[in-house]
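The first chain written gets the first letter, and so on, giving A, B and C; residue counts start at 1 in each chain.
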């Protein structure tokens, strides 16, 4: 039996009158790339916020590496090896690229020089080593996304949550990022990603969960999930699956 | 630890220490003493506000606690002056930790934090103006007892070197913070608290550490004030004047830099003296000038004098190529 | 405590509270629209009190008449401050706005100190000490007028915000600045108008206060924290909240003064302020901080 690094059991989150996440359950196997997809407003980022300790679930529980971490604050989860990136990038604007990454490195490294050295190595992995002294505020969108990734990576995580790390990138930038993500997995980091860019999801993910209206409506290998009529209807509306099937056979 | 980073501090302190050896004027020394006093309080504010990004509008709470503690422990409990001084710093730091624990745990940030610190300082001022232990409306006079044992010196130069020593310690502490993991975390919290938390930074603990250090420095300034002027009352200890000046110095000199408060304090005090020369001793004018300077600095040079210097520096030097190696902070 | 002592304390608290509400209205309006905490609010009140004082002392104009001159004057002053000083100086940065309003507070208070010294002054008007008997209590006439004035202004403000185009623009900018801009609303102008309204509220409050209150450069400090407490209690940005908050604070202050004496009475307010900030910063009726 593979090692389950994350188990989300029946988790719900309510904001006043809005049920953002409704009884969502999923598991992530260690060493795999798992993707979470779904139409806008499905609750994917809320789910990430619940898992990573930025929000507390109103129901259900979350098990990380066998321990119940429901409601544990973000910084403690980070110390246990869970790192995340943000959908809307959050650079430390007043610091340089190197200093940004060093903050992540400092999680396990106390000395300044050692942390900067480790940050430098992470920057190389992610392709930022030529702009280490540049101010984070002056980076392009692609640069900022890489910085987000580098910072999280510098904390030596075991589980990396990527929230739409490819959003806002043009096709060639996406082509450059995919191997970086794969290389991270090769180093033993388990990755869970929310993504809309289907080409990347199809080529990276080994297992996909589909979230719609706060609930998991389908899961499985990529090929199975995209053919699932429930998934098609979640994106294209009711009756779409049947219409598509009818259209494919010609009229 | 990059020892080279401490050289500028050594140089500046050494240069300042030589001044009483060449200048004999009590007026100048007094001016410098008050400027260094402000530097110390401002350095405290700078740790929390400049590096930590938490703007306090009530640093009087720490300054006044140090001042009163020193005075009360000596006058009412007969404690030795040096011990009272140390106790005053500890008391101020304690108040800082208490306020920090209450406010940061509640997640107060930005304007709300500024407001709450203002409120705390005001509460303390009101209590001090009526409580018997602080002398109520009359205040506390420290008995004149010239001699090193009582921490009162006959020569102004001795006081000058004392405050300079305290400022030197504050500068070193600031540099140490800058170079440490704690400092990296503090700055990260300032820039983006949520992102910092996602990277494992315990933001509440870091801010708590910052406010404690900040309060200790401000309290030290208060203790020195008490020993130098020998009189403390509620408006002096907890009045808005010190809260405003303690934030003005670093902002004008350069927030988030080691020497910002020193530069700013010298500038502010010089401006204050200049204003008095022009219009005599009328109260209030110096603060009007400070307010105008504050707005002008925010409008045109938000990073203060240090920022202007850095920009000129950058323009004069050729651009450095980015290197993949290790760089000092 | 006997009802005959308690009831007047409560009623007086309500009368004072209405004026606190009026002062707080200006503050909450500015916060709700510009999302800034105006640290200069208290000193603007001091300036208005001085203005009302001198209109009576030097020009012999009764405060209840001066209000019609001072209100537009202070509206213009506030408009100018926001349009030409605060807005441009802060470059839209929140931390800077805080500091700029603080700077203004320092300038205004100390300019008044420099110009007029620290002496406390009061005016003498014929009705200054007039009382009328109401339900067995003797209520001060100027304070009743103050209460009535505050209610009228609150109503006028409400009408302005709901019925006029400018009022709608203000509410639009408060809700969604970018959207309002896209609809053609001149945001810097609306910001300045709002700030002007806030300052005008303070000018009216000053004219209503001056018959029974004193004036010195430090008086604004006394009011600024009360105003903040009121606003935070009622909810930042909530107009009804400011009204209820003001009445509540007035009553609390009056009762604290009764039980603890004059100087400690103020502590009750500040402690309440700190408690609200720590445990429920959104206040009773306000938006989430």
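The criterion applied here is as follows: contacts are C-beta pairs under 8 Å (C-beta built on N, C-alpha and C of every residue); 3 or more make two chains touch, one makes a residue touch a chain.
A quick note: this is a predicted structure, and the numbers were derived from the prediction, not measured.
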Length of the shortest touching-chain route, subunit A through to subunit B: 1
Central chain (by mean CA position): B
Most distant chain from subunit C by Cα centroid: A
Separation of mean Cα positions, subunit B and subunit A [Å, integer]: 43
Subunit B and subunit C: spacing of chain centres that average the CA atoms, whole Å: 32
Rounded Å distance between subunit A and subunit C, as computed from the means of their C-alpha atoms: 49
Subunit B contact footprint on subunit A (complex, rising order): 52, 54, 73-76, 78-79, 83-84, 86, 90-95, 98-99, 102-104, 106-107, 109-113, 115-117, 120, 123-124, 129-134, 151-152, 154-155
Subunit B - residues contacting subunit C, complex: 53, 55, 57, 102-103, 106, 108, 110-112, 114-116, 118-120, 122-123, 126-127, 129-130, 240, 244, 247, 251, 282-288, 290-292, 294-295, 298-299, 302
Parts of subunit B lying in touch with subunit A, wherever the complex brings them together: 2, 179-181, 184-185, 187-188, 190-192, 194-203, 320, 322-327, 329
Contact footprint of subunit B on subunit C as seen in their complex: 36-37, 39, 85, 88-91, 93-96, 98-100, 102-107, 109-114, 117-118, 217, 221, 225, 228, 232, 263-264, 266-267, 270-271, 273-274, 277-279, 281, 289
